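Two complexes follow with chain A in common, the first pairing it with chain B and the second with chain C.
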Partner chain A sequence: MAAATEEHPGSTGFVPRAAEEVEEVHEANEEERLGRDDDGDEILRFMDSVDGHLLLMDSLSPALRRGWIDLAGARHWIGTSRVSSTLFDHKEQSAATKVQVVDSADLQSSEPNPHFVLSKWHLQEKSNSNDAVSAQDNTKPKLRFRGSTTFPEDGSHEADVAPAESWTGVDTRSHVQRARSKALSVFGALVSPKLRTSQISFETALELIVELANSRSNMLASFFQIKDG
Partner chain B sequence: MAGRPSIPTISSALIAIIADEDTVTGFLLAGVGNVDLRKKTNYLIVDNKTTVKQIEDAFKEFTTREDIAIVLISQYVANMIRFLVDSYNRPVPAILEIPSKDHPYDPAHDSVLSRVKYLFSAESVASDRR
Partner chain C sequence: MYGWEMLSFNIHDGFLEAIVRGNRSGLLTASDYNNLCQCENLDDVKMHLTATEYGPYLQNEPSPLHTTTIVEKCTLKLVDEYKHMLCQATEPLSTFLQYITYGHMIDNVVLIVTGTLHERDVNELLEKCHPLGMFDSIASLAVAQNMRELYRLVLVDTPLAPYFSECITSEDLDDMNIEIMRNTLYKAYLEDFYKFCQKLGGATAEIMCDLLSFEADRRAVNITINSIGTELTRDDRRRLYSNFGLLYPYGHEELAVCEDVDQVRGAMEKYPPYQSIFAKISYGESQMLDKAFYEEEVRRLCLSFEQQFHYAVFFAYIRLREQEIRNLMWISECVAQNQKNRVHDSVVFMF
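Right, the complex of A and B next:
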């Protein structure tokens, strides 16, 4: 073996180096391919979030419009002065509908990516721990499938209902009814049914708005990932 | 990931609104209205008497309060303070431009969409290729 090396020092030294170079080129190509795949995934996520954002905005307009029309109907029934911002109570009061903010579980993103969870009518305060766990589980953005629903299929809509799991259905419904009546009581003891339907329309709009906030957050995170990448 | 800024978890944050009377009334019916000890509210009703300065002050206040997670602003109101809205770039509170009764939503004016739309423009693709 030593004699062979001495006789052909160039050839025995050349072959291992060529193999190493080929391996290095192969590794570099593989890394470039994986990098392109990651970029492709990010671009797909970005396009999906923009699409979702625009679809949600298209759904928000009709929900708000229904609410405005019902408010106008209520004014028509009971008078403009009975449905007016001058009736708003400026005594100290805490909002019954709030939002929870958690950091997204998408650790691949280098940008901050908050996730919002709606809590309607104090339901969140009744079951905090359950919802915090479900909120963390639902923060990773997933690709949507365009179908019969306009809501992104990331489970966050179901998370809005999740706080009720620790209560019975009857408890939740009666709590929500009481909270809704309290909000309506600003406009008097007997309120027009139009005001009630307007309330439901704006509640629906709120759910869409929280979904919009999440899609905005995902869109911006993907955008900055692509821009910096 | 190292260096990734984290978002502090807020268990119970408010939704602020800067919009016309009907929109604010509707969302207050949905339970988002809040009045604190100092009688400060989380909403501003914009009418024909509201000045641009008042809108700017409300926007600055809502975007700096730590107990507010989302700020809803009618797009026609956002157009009055467009420079301020476009220069806002924090993740929380999230600023969402919404339509109003008399002014439908226009995606071309939305500050977030106009920021990201350059990725779709031919000029940006061409400049990257160069």
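Right, the complex of A and C next:
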């Protein structure tokens, strides 16, 4: 009897139960499908972050090699006594370039991974209010499209500097140039162009290192998410 | 011959000229450089150098070697040879040999003053000084607060004293003032050396005036290129150029207003001896300019050995040894950094 009533589609008492079961099955299937989709997205994100990390590692080595050989060229041209660690300034002074670690506790996001922010040549001190927002935006890893390089290979930085809202591009460039000259002035006021080139190469390398740290942080976050899921 | 040097040169200076010509044959050859350029690490470089005249200075150095160690030991050899010649020289050769070291003395003074400004330990700075430029009271430089004190307390008793008249001020020593002091001293030294060589006359005057003129012109180009984009004004730049040389005075007027490397090229290409130098580098580039200048300098220094009975061979030998040490430094750096493809960027072959 029960079986007969269950099979009869017109019966009001039994169609909802069958429909519920069907709906439950459908919902279960949908959840499973969504779960697989989420897992798939996470895996894709993880692989994408690994790919980005490897590309950054590949970019770091040439930048450092350029910097070291240009430094050797500067020593060759103006003399080993003029370009030497003996001339580094031991006076107390504030750092022109800083790396800020943005902890997960500071962010509204639930992501556990820390984020690193590079402030070059005192520039981002003028735009500190944007740091937390930009850090928050950057913690959730996004899918990256291959071909969009993070930094140009020739070491030009003017486009990468994040100026304060009130600064023009010209102000920023002249400030950066003055800051760079001041940093090199430990070796003398008139230094070889090779020393300046070396400075820019090392600056590029520093940016890449910070980007590598962020990339590794994102990579580990994706990995743990996949592992827990 | 210019001034009958053949009759009297060998009486006082013949032995030392023979010594320096013998030392010249000990300079590294192209075959030595080829072997060094193929080294895999600094121990290989040391092994190859042990078979040369640098052997006694490097053979006891422990591994791992550093490039600065190689440069220091090779420099010691140069210093020993120089002192050997100086102790046997009579006037005016002894004064001539001392003039060769005043450039290093100026560099050492600036090193001590700059390091003291940066609160570095004096002993650490003294270790980095060039041995050819040392003098007795050099450590006392650390107590001076301005150029007037520098002169009054220390430099008044040194050979650099006459060169200070143009830069004695009571201004505190900062990076720009120190740089101006360096270049002003060097300008005064070059002009004094030039006048001394002119007084000697003969082949010495002819060859040395050519070499010193080239040095003055090269310094003018370096000052111009290095000061592009800095706070050094055009007038200050103009004041740092020497008052002799092929570029004096009209070339200096053009260089003083140059704002980039291409303008420097435009000013220099009007002088045929420098056209060939700038023909080797492409527009907008200054990276290979140093090698082009070094090659021209080596060419002129090697030519000085073609004549006899003059003092320029001593100057040329010291400069060629210094170039050789620079070559060894560059090769060592390329080997140490595993960038041997860049080794021919700066090595200058001699003879």
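Keep in mind that, in the parts below, the second predicted complex is superposed on the first by the 173 of 229 C-alpha atoms of A that agree within 3 Å, B and C clash if a C-alpha of one lies under 4 Å from a C-alpha of the other, contacts with A are read in each partner's own complex, and residues count from 1 in each chain.
The definition used in the following text is that a residue touches a chain if its C-beta (ideal position, glycine included) is under 8 Å from a C-beta of that chain, and two chains touch if they have at least 3 such contacts.
Please read these numbers as outputs of a predicted model, since none were measured by experiment.
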First, second, both or neither for A:Trp68, with chain B first and chain C second: both
Contacts of A:Phe88 with chain B and chain C, given as first, second, both or neither: both
Contacts of A:Lys120 with chain B and chain C, given as first, second, both or neither: first
Partner chain(s) touched by A:Asn218 [first = chain B, second = chain C, both, neither]: neither
Contacts of A:Thr80 with chain B and chain C, given as first, second, both or neither: second
Touched partner set for A:Ser181, first chain B, second chain C, both or neither: second
Superposition-derived comparison: chain B or chain C, residues of chain A touched: B
Contacts of A:Ala189 with chain B and chain C, given as first, second, both or neither: second
Residues of chain A that lie at the interface with chain B and also at the interface with chain C: 68, 72, 84, 88-91, 186
Complex contacts: residues of chain B adjacent to chain A: 1, 3-15, 21-37, 39, 41-42, 45, 69-70, 72, 91-92, 94, 96, 98-99, 101, 104-105, 107, 112-113, 115-116, 119
List of chain C residues in touch with chain A within their complex: 68, 71, 107-108, 110-111, 114-115, 118-120, 124-125, 127-130, 175-176, 178-180, 182-183, 223, 225-227, 229-232, 286-287, 290, 326, 329-330, 333-334, 337, 339, 342, 345-346
Residues of chain A touching chain B in the complex: 46, 50, 53-54, 57, 60-61, 64, 67-68, 71-72, 83-85, 88-104, 107-114, 116, 119-121, 124-125, 128, 132, 179-180, 183-184, 186, 195, 198-199, 201-203, 205-206, 209-210, 212-213, 216-217, 219-220, 223, 226-227
Residues of chain A defined as touching chain C within the complex: 65, 68-69, 72-73, 75-77, 79-82, 84, 86-91, 177, 181, 185-186, 188-194, 197
